[in-house]
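Lettered A, B, C and D in written order, each chain numbered from 1.
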Amino acid sequence: MVEILFLIPFLAGVLAFFLTAKSARKTLVATGALHFLLSILLWVYQPGAIIPAYFKTTHSGLLSLLVISLLFLLISIYSTAYLDIDHIKKENVFIGTMLLFLSTMTMVTLSDHIMVMWIAIEATTLASAPLIYTHGTPASLETTWKYVFICSVGIAMALLGSVLISLSMEANKVDVPMSFSALATVAKNLDPMWLKAGFIFILVGYGTKMGLAPMHTWLPDTHSEAPSPVSALLSGVLLNCAYLGIFKTHKIMVNAGLGDFSGTILMAFGIISVLAAATFILRQTEYKRLLAYSSIENMGIIAFGTGLGGLGAYGAILCLIHHSLIKSSLFLTSGNILLSYGSRQIEKTGNLAGHMPKTFVAFFAGFLGISGFPPFGIFIGELLIIIGAFQAGRTVWAGIFIFSLCTIFAGFLNHAMKISFDDHQAPIKITEKARMIWPQYVLLTTSAVLSFWIPDALYRTIVNAVVAFGGGF
Amino acid sequence: MTPIIIFIPAILSAPFFPAIILKVKAFFGGKKGPPLLIQYYTLAKLFKKGSVYSTSTTYIFKLGPMVSLSAALTALMFLPISGAAPLFSFKGDVLFVLYLLGLGRFFTIAAALDTASPFEGMGAAREAYFPIICEATTFMIFILFYRLTGELTLASFFYGNHPLELWRVAGAPLAFVVTAFFIVLLTENARVPVDDPATHLELTMIHEVMVLDHSGPDFGFIEMGSFCKLFFYAAIVSRLVFPFDLGHPAMNLAAFSLIMLLIYAAVGVIESVMARYRMDRVPKFVLTSFALAFVATIITLEFVK
Amino acid sequence: MTHLVDIILSFVLLSIIFSFGSSRLQGLIKALAFQGVVVSIVPFFIGHDITEGGVLFSLTTLLIRGIAIPFYIYRFIEKVAAHRELEPIIGYNGSIFTGLLLIVAAMAVSRKFSVPSASTSLLLLPTAISLLVGGMFLLMARRKAITMILGYITMENGIYLVGTTFSVRAHHIVEFGILLDVLAGVMIMAVILQNIKLKMQSGGEDTSLNIISKE
Amino acid sequence: MNSTRAKGMNMDLFFLSLVLILLGGTLAPIFNRRFTLMKLIAVITLCAGCLLGLVDAGSKLIHGGSYRYAFAYLNALSLEFQIDALSAFFLTTIFFICFCSLIYSFHYLNNAEKAFRISVNYMLFSLLMISMALVVAAGNIIAFLVSWEIMSLSSFFLVIYNYASSENRQAGRLYFIFSHVGAMFILSAFAIIYQHTGKFGFIDAASLSHGAKLLVFIFSFIGFGSKAGVFPLHIWLPHAHPAAPSHISAVMSGVMIKTGIYGIFRMYAILELHTPVFGSIVLSAGIVSGILGVVYALGQHDLKRLLAYHSVENIGIILMGMGIGMLGVSSGKPVMAVLGFAGSLLHVLNHSIFKSLLFMGAGMVLQKTGTSSIDVLGGLLKKMRITGTTFLIGSLAIAGLPPFNGFISEFIIYLGAFKGVVLTGMTFVLSLLGIVGLAVIGGLALACFTKVTGVVFQGEPRSRAAENADEKGVAMLVPMVILAGACVMIGVYPEPFILMAIRGIDSLNLGYAVIPLEGFVAITGSLTRAVTAFFAVVLGIFALRVFLYRDKITTRSSTWGCGFTRPTAKMQYTGSSYAASILSFFKPVAPLSEHHPRIKGIFPEETHYFSHVHDIAERYMKNLTVIPVMALFDKLRWIQYGDIHLYIGYILLAIIVLLFFI
């Protein structure tokens, strides 16, 4: 019955195309709420799928699903307020696409078959393209072009990767369904060479989507061009979906005894991404791009942790969850900033603390959370990853990692303080609406709570998800 | 009981010795010079007078003389004058004494700055500057003594024939120490070639300019204080140059007084034959004392090993 | 013994070279169509037992790859009246030379891989690789967006070749995926392209394509 | 929340106090509508919390033993806390100073327009207190780091309390970056421990290999040193402390930077580094920061900056004591070890007392005159008798003069160092340098504080602001008096405090049987006697003075201008000129840059003079870290300038490169 979760938003999305803006909004929030409810139920009952060959509830999938639906609900609420101010011509189309986007992403989290997951991820690209194009300006058009093109090429690689994995089955005449769960069990019998090749293509392919350097290039433009709720979705959720693909493939590799191979590659990409982020954060001029690069950084951190295994893997999952929460809240806040200052330039902003205290709190708290300060979860995640790195004896890697983290923090701090405290006289365009504040607060509070107390079910799920990589304690 | 018997006369005789310096200088100048008891007359005169206080001053101005005098007096209590046992003595009293003198200096400077006079500030700056190097020297010397004796009290260094012990172990290098300490004496007590108490131009003074505004009994205290301070250093030097214990306190005392006369005379001679250094030269001069002490320490270590 | 397939595939290789060398869009599209036809019929010639499902898929693919897409793009060019010139970033001679190198390299590389059903054909893997990399080369070496789409399709052909011919029990889901990919990909790209054309009347198509934005 | 309680319920008193403090912190913003009420509630609740904590810590210190707690954290981890004598000692200091500065804050934060911000200030202040307490109580890696980061965080916000001025923002930025990088170093040090022990606790960290120990110690020394303000990692300190409101500067400079010292102590304890190299590192670092700190202090024109640099100096002294202790351990001299460590710990307490006293004094001056620039003040002692006097006492204490507390700790460190002088090799050389260093520091500190008291509080006012200053605000005077009293108290009767310190170092497990305390008691006793003697003499002289001045006419007139008849306040010796000659001696380490237009013509127009002492650490830190890093990353920026063809190339490149690894 799990299919319902992506069917409902799909239908709702199609429906929304034919609705007026007002009712479309209602549909949006309603669907979000329903979806959230359903995914909670899914956690409780964990039902089977109608097409078990294609769909299955996995631990990693459940985690992402919960994050997705929580985020979507809050973002949809924010959007209703956002749309009041930032006028969009075809609002029902916008909302409809958002719902389709949700359905495709839900599909990613639930799909177990390699090809189905690939199709789902491809679908996310297609669904999100119109969202990025929302404003219809030449710039947004260019961005959309870049996004679709680079991602398609990447995804094509992933496709080839999937094919190669099927080849690795052929090579050793392994006869099981092409599902992650099945392959993970028989991983030992797969042909290592084709498997490695497959992993590489899948990593590069999904890595492009996930925003690992050097394939991250579409990400900054997209996140800065898209309307803030969309950027929040992209950064908070879409990246996780792509990561899910890599994560599951990596699991197969580990089971096949190729964990070192895939792990090292993951770590390498992680480090490169963090360094790349550092490079562009230091002298960044636009705050939305800044946040985008910080997403790249966090994806790097997550990849690094996953590659490490052990404590690192556990930390990586924590980072994954908390990054989604905090980063999406930051993007929503950036929406407030954009609407109130009317510019993406950091230069044009300032004295947020004076002009919009509530937004400032959300913004600065988010900044602190994202740069790994308690009481937010990324702190503990990074802590575990770094300790894990030392534990695994990867001292040099850890050194570079820490160095880049510090650099990024320094750069980010400069910009954050500029935005929050620098002098700024010009009047503010909007007043702080409740609906544009408390979704962020909810997200941040969730992160804060989760960094001190994790429900047992959640904890067990996380541990089960990473147990293959020797995760947990 | 002996400590008191020694201590009281020591204090009382402190104002006497500076007269020697004046005499010697006068002699060199081919003059008769003031009477030997001149300083006593001065003190008496000052104690009789009243005082004029600057409107700028606060209670610190009055506190200064008292504290500096008390510091000097207390310091003397720890010193085995003429090798006799001191009034007090405890582990590390050396440090206490040095820092006590520091306290005295603090208040002298504070009192000077209290008057808001640019000249006194100038003097104060110098008074704050040069002793820093002196302290380094002094500590260097005491490190050496500690290596030699393993004790850290003035008594253990200068009581009875302990100085002799120092000479025995350290030998020639101790001569350096004596020189170094003599330089310290000149600096700490504002004598030529560091400072010229007899000069006329306030711009070139250190100690004298700092006390310009003091008058009457307060000024008397200051004078007394500086006499005691000089006495303190001179007494130490005397113990170093005449390290013997003649058995009987009286004889010791006699010998001690003789040596003291000689030391003060030496100071007088120096004041007569040397000119005051330019201010920016003074640090170099004082640093030589540190160098001496340092060399002495390093050399002696060879023997002590 | 040289397999029949190899003969066809060698033509495909030639078509790659040709596409590298052709200075005009039409030529490129023709080459593309040819590739599309070939890659979609190759499965017939490889000695698998052919299920009717397989046949169905192959025919649809033939339809889409060999006819629909090229035709659509041809029409598109007519509509937007794009300049016929390709404006290469890497010159034609250079491209051809690269193409030759590429094929040689592909040959060399494919020696190292042991293909499950290698018995059938020698050129299969090299062609696939050449298509793949050649497609990417076009992506990088030609400035026009339309050319980039063509390159993308070439790449897809390569993937399709691998996907259909090497996995013996052809997973229809795989083929379906590939189909969806090329279809959806090309469609949405074309749509965007159209928009670009409309938006940027001023500079014409090219401006939208060597777009340089901040990092 | 399973708290394994060790000794009765007074362990929970600790957490109770923290809860109370937290409560106070949260109440403040709630009541921010009613300004005075809010301040009352906040101050009272927080003070109550501090007192409770003080009592608890004190009793723990007296009863000794170690109290452990563990709280389950994130299902698999745990937050462990352990309060042994060392922690208790630091806790006592923290709570005492915080208590005083809270009282002070009641009248210091008197701007009713900023009610809300002030309430937030109280909240953050409470967070700072809690985190500091938890840092010194932390019993495992995670607990430590969480508290540590929260401490940095809250103090950062307190530094930028007045964010309107760009200097403060700059200061906060600098401070935050430093503390984060420091935290990262600490984290990696801990990570290395975990790598070898496989535990999040600090237990059996001593089993590390020597190389690993060295690495851990260096990392943690850098990390903790940057918090404590060890040269050359101190450069955030003279910016951050002046920026913060004075009661916060008092706490930051008084106790917060001591958490760095605590960290070094703790690492030493858990690693059991009984080889000379560590002692040598610490001692040398101490000497350098001690001397340079005071030299730079001498060159400052801003009162709070000057005090901040003195924190660097005193941290240096503390480290010297620690280093001497370590050397004592490594060379098998228990007495020397105890002297060194005890002196160091006692100086922690002493410095926190007189430094916070001085900052409060500076705060009073700042609030009443509106400036903290030394050379425009003057003559304040007449207007602010209590402030001036307490400040004077603080100055005497910080200059290490008897009979005040600064002298006591320096005295003990001296004794330890002298114990080291009889040894050979490195220990001898370093101890010798230590002693001379201390002597020089003492002299310089004296010079520096005669400058401060002389120029700020004595002489004639140099500006209007200084002329009509006053000292209203009882709440600000009371803590200053308390602290000044403490200075004298410890200075005159040091015995209990030294014993406290010695008890504090019990938990360093130096691998020696507890050595008899008689010796130390004897020393303190004789110190007390000596001081009493001195006081007796002073009294005697005073009596004599009274006697001499009976029925005498004392007249008042203007200062004798040496023939110059029309003196003005402008003619007074300024702080800059006072320090100039000494600074010239230290030119190599403290380059001085001067700006003043040359005087020309017979009737030259008004001119001015401005001098600035450069902190070489600041200079080189910039050239050696910031600029290279920036350059490196700027070089990397070409990789993404927006050409989509290039981007496709990256994807291809990634694949081709990876394929080589198959």
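FYI, a contact is a pair of C-beta atoms (placed from the backbone, for glycine too) under 8 Å apart; a residue touches a chain by one contact, two chains touch by 3 or more.
Everything quoted here is computed from the prediction, not taken from an experiment.
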item	value
Identity of the chain that, by mean CA position, is farthest from subunit A	B
Between A-C and A-D, the pair with more C-beta contacts	A-D
Inter-chain centre distance, subunit A versus subunit B - centres from mean C-alpha coordinates, in Å	78
Computed distance of Cα centres, subunit D from subunit A, in Å	44
Whole-Å separation of chain centres (CA-atom averages), subunit A against subunit C	32
Cα-centroid distance, subunit C relative to subunit D, in whole angstrom	70
Where subunit D touches two or more other chains, by residue	637, 639-640, 642, 644, 648, 651
Residue numbers of subunit B (touch at least two other chains)	none
Multi-partner residues of subunit A (at least 2 other chains)	145-146, 149, 153, 193, 197, 221, 280
Contact pairs between chains, per stated definition	A-C, A-D, B-D, C-D
Complex interface listing, subunit A residues touching subunit C	113, 115-116, 118-119, 122, 126, 129, 133, 138-139, 141-146, 148-149, 152-153, 155-156, 159-160, 162-164, 166-167, 170-171, 178, 193, 197, 220-221, 280, 285-286, 289
Interfacial residue positions of subunit A with respect to subunit D in the complex	145-146, 149-150, 153-154, 157, 193, 196-197, 200-201, 203-204, 207-208, 214-215, 217-218, 221, 261, 265, 275-276, 278-280, 282-283, 353, 368, 371, 373-375, 379-380, 383, 386-387, 389-391, 393, 398-399, 402, 405-407, 409-410, 413-414, 417, 421-423, 451-454, 456, 459, 463, 472-473
Interface residues, subunit B side, partner subunit D - complex	47, 49-58, 60, 62, 66-67, 69-71, 73-74, 77-78, 87-88, 90-93, 95-96, 99-100, 102-103, 105-106, 109-110, 112-122, 124-126, 128-129, 131-133, 135-136, 138-140, 143, 146-147, 150, 152, 202, 212-213, 216-218, 220-221, 279-280, 283, 297, 305
Interfacial residue positions of subunit C with respect to subunit D in the complex	89, 133, 136, 139-141, 143, 148, 210-215
In the complex, subunit D residues that touch subunit B	378-379, 381-382, 388, 392, 396, 399-402, 407, 411, 414-415, 418, 421-422, 424, 432, 435-436, 439-440, 442-444, 446-447, 449-451, 453-455, 458-460, 522-523, 526-527, 529-530, 533-534, 537-538, 540-542, 545, 548-549, 552-562, 567, 569, 571-573, 577-582, 585
